[in-house]
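Take a look at the structures listed below.
Below, chain A partners chain B and then partners chain C, in two separate complexes.
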Partner chain A sequence: MSTAYPDTWHRPPQIIPNRRWRIAIQTGIVIYLILAISTIEVNWSRVYEGLERGQRFVMGFLQPDFTSRWKDISQGLIESLTMTLTSTVVGVAISVPIGIGAARNLVPRPVYMICRSIIAVSRSLQEIIVAIFLVAMFGFGPFAGFLTLSFATIGFIAKLLADDIEEIDATQAEAIRATGASWLQLVDYAVKPQIMPRLIGLSLYRLDINFRESAVIGIVGAGGIGATLNTAIDRYEYDSAGAILLIVIVIVMVAEYSSSYLRKFLQ
Partner chain B sequence: MLRLIGLSKTYKTGDTALSDVSIDVARGQLVGLIGPSGAGESTLIRCINRLVEPSAGQVMLGDTDLAQLGTADLRRQRRRIGMIFQEYALVERLTVMENVLSGRLGYVPFWRSWLRRYPPADIRRAYELLDRVGLMQHADKRADALSGGQRQRVGIARALAQEPELLLVDEPTASLDPKTSRQIMRLLTEICEERNLPAIVNIHDVPLAQQFMQRIIGLRAGRVVFDGPPAELTETALTTIYGAEDWNAMRQGDEEQAEAQADAKRRLEQVPA
Partner chain C sequence: MTDLSHHSQVWTYRTPRKRLFIWLGWLALVALFVWCWQIMTETTIWMFVTDAPRQAADMGGRMLPPRWAYLPELMQPLWDTINIATLGTIGGVIMAVPVAFLAARNTSPSVTFLRPVALFIIVASRSINSLIWALLLVAIIGPGLLAGIIAIALRSIGFVGKLLYEAIEETDKRQIEAITATGASQAQILSYGIVPQIMPAFWGISVFRWDINIRESAILGLVGAGGIGLKLNASLAVLAWNQVAVILLLILGTVIVSEWVSAKVRHAII
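Right after this comes the complex of A and B.
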């Protein structure tokens, strides 16, 4: 009646079953890490000097000066906000057709390939590189920034939207197809209701990414609050720079909270 | 009405789901399609409206061979075939009314469906169907706010909104409790009778099929191995379809389940409100 059942159990190794290989690979990783870290050169005296500058920066940050450069700051802010909103709207408007075209379950293969490559190009070019290029083309100012952010938005929204469309509940689409619906009707009735909350959520998310990015690309001349920040740092006006950073942080936080609230409301 | 001639389907993976299936379905006939999972019932139903492309054979609906049609013609012919799905397949975030009206998509131009401006006759008909399936007061609710049985009734209304000449029904009761299953089957059969509609019903529940269908087709490994009235569905017939199994025990199990249900219901009724 009584069989002797074992009273110990170990989780079998999941990735590399061979014990020797496992140990060899683990020690290999540790050795590589030690070697790699030891090749980093640190100039400690330079770090010490830098600490002092950092301290000045932090002190400026702690005593932000909103008033003396307020005109520049407010102008930069308005530029940035305009850039953010317009580029998000334009970017999303362009992303929607591209995103639909990049969904394997909706379009023929050639269309899919074309749309996926547009997305790949947009995603592989970092915002700053695009901004430098567009500033060279269209001159300094927010227009270059607007184009940069629109371009970056396309890669972001279209990719996530396409991935989402590929994961929709296929039976709902099947049911709509079975009624004799055309392709446009299929998109309108079976796809749109399934992805709309997500599209709105992504757009709001992209809105606050675009605002943060607008501060970064301003540094390479694409206008907005980034340009103001850059000028302030160039002039060693760390108190004004601190004020700008605080404003950016507050706006990003407000955007973050309001968009997460809206997303919850939309579900 | 519907004639399948030598219908075959081999998937890209090399699996043969249907081989040489020939069936005639007359107007008003209720055909139950039974067979073990994977015997090709689902594929058969989907080959008829070409949600799955058949590899060979003809699908004659009236005088048209559906297997030969181009995209535009296929769309037009799909309007004649209403389909009811397992797990309802309603568009969850649309309202009940939109789901029913989506049965009209094959008839209206894109702008009408996009702006939800359906012709008055379509809307009147949609209300009439909702009333028929007993969901009049739920028209403006979102489909995901309904219970399983209610959703399946919306599914039925959507299929009927097409004014179909044939109903394809894919496991209509798969996710419903036994009582709701019977209600749904009763509604389906009543509706088919009212409109003299033929229906092909893919169904896993053999007693349910015997109770409601006029004709039963048994599939095994993509071939028709039984075709006859429910009364002829003997133990031997079931064994050819499903393989050896103690069918009496299963019937008994079914009776037991029914008894248990009745018992539970009695007890519920006894509980003072």
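Right after this comes the complex of A and C.
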């Protein structure tokens, strides 16, 4: 009396267990890929010509030229760095009240809705698009970039801060409230100690992001190292462009490592 | 009888010395801020700044009403934008997977040699924005969709690679050990021990990155890399603010839809 056991084993599918759905989705993907790839028009002779330029760019990366455009590069760097710091400070200063206002456990519903919609607006608009508008309004230069980065910082910090405040230990807040503390005292003694390390960590992280972004918004005229980079590439000076990119990468790496070290130190 | 009268009657959170240090820290930050502010605003023309509300009102007046007749013309660029994001994500993910396996401490073939290289690739890709990649690629291979796709792919390597290698490092050791105990080869360990564990994370990360890429590909056209950004650039160049308004609303709509799709898919997977 032997039951026939199967002697082969197939790994069961993990993501979509239903066979029909799986086949439908797979054919859908294939059809989409065929359609999408067929709409790309590539001018291969142009690509072939470009390869020589690409080679020059790689050479520029390997032998970066820091000296001949150093005046422009240092000017751009100073603009970028000052823009990064001021916009982070201002952005964080504005986003703290908004973040507190967007925490459901601290404020009445109307305030919550207003602050959450400010956050939503700031998060859904891309930095570059904001920069285009602010450059049109405030003129070229780092001031427009500073406003752009501050605006973007508000959405980022306020949202994460509000989410953190909503997750604080409610028993501590209740203990402070039981002493008869006012709302301000509640924020100062129950909320602040719990979220301060996280807020400092987030600010450092945002400082890092703002520097990266400051390298981009210069392309639309908002000052900083991005403007210098754009000029260098437009002039086909790949050795200077390589130097700028290397400086950006090094600063970002330093910022990333030191901010992660600082965050560990603070916690 | 103990005499406690020399202690302060008021409870304080920190010692005086600590408070002094904290005040010095704040002072330093404020000083740094003021200094940076002064350097930054040296070249600012304040007349333009004070003029800004008028400019904003003027611009708002030009944007309204949006020129909806422009919408049909935008469908082809929108399709291009979605293609840039999707194909770029696919390309980026394909390149990111081997990098992630090289960077993860438990799967890297050589922790001393290959791991730092993989980590450098991840950091370099993360620190250069896709717009800068696009700027370079447009100069090298010419304007068009291909430059946009490659730019998105290069930028995605760092993001997907970083999150994926962290997921690989967090896999459950016992499952891998169980597969090893059956006498499986290295490739089989990867396929049956590690891949099933990181599959949900992998799809979640990819869809998340796709969502971000939709946003980024919408603006790549500003530097000539195809998609709806080209139309935005053209409209900005001729100061057709009512067309700019239509484009921005379309981008906003696309971003909201893609965010909704990615949230749904991630919710279904995890």
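By our rule, the second predicted complex is superposed on the first by the 214 of 267 C-alpha atoms of A that agree within 3 Å, B and C clash if a C-alpha of one lies under 4 Å from a C-alpha of the other, contacts with A are read in each partner's own complex, and residues count from 1 in each chain.
Please note the rule applied: contacts are C-beta pairs under 8 Å (C-beta built on N, C-alpha and C of every residue); 3 or more make two chains touch, one makes a residue touch a chain.
For clarity, every value in this text was computed on a predicted model and none was experimentally measured.
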item: Chain B versus chain C, judged by how many residues of chain A each one touches; value: C
item: Touched partner set for A:I40, first chain B, second chain C, both or neither; value: second
item: Touched partner set for A:I114, first chain B, second chain C, both or neither; value: neither
item: First (chain B), second (chain C), both or neither touched by A:I233; value: second
item: First (chain B), second (chain C), both or neither touched by A:I200; value: neither
item: Contacts of A:S124 with chain B and chain C, given as first, second, both or neither; value: second
item: First (chain B), second (chain C), both or neither touched by A:V248; value: second
item: First, second, both or neither for A:E174, with chain B first and chain C second; value: first
item: Which of chain B and chain C A:M137 touches, first, second, both or neither; value: second
item: Common interface positions of chain A, toward chain B and toward chain C; value: 193
item: Chain A contact footprint on chain C (complex, rising order); value: 13, 29, 32-33, 36-37, 39-41, 43-45, 48-49, 52, 55-56, 59, 79-80, 83, 86-87, 123-124, 126-129, 131-132, 135-136, 139-142, 144-146, 149, 192, 196, 199-200, 203, 215, 218-219, 222-223, 236, 248, 251-252, 255-256, 269
item: Residues on chain B engaged by chain A in the complex (per definition of touch); value: 49, 51, 75-79, 81, 83, 85-87, 89-94, 98, 102-107, 110, 113-114, 155, 158, 162, 168
item: Residue ranges of chain A touching chain C (in the complex, touch as defined); value: 11, 14-15, 32, 36-37, 39-43, 46-47, 50-51, 53-54, 57, 78-79, 81-83, 85-86, 89, 124-126, 128-129, 132-133, 136-139, 141-143, 146, 193, 212-213, 215-216, 219-220, 226, 229-230, 233, 236, 241, 245, 248-249, 252-253, 256
item: Contacting residues of chain A [partner chain B, same complex]; value: 169, 171-172, 174-182, 184-185, 188-190, 193-194, 196-197
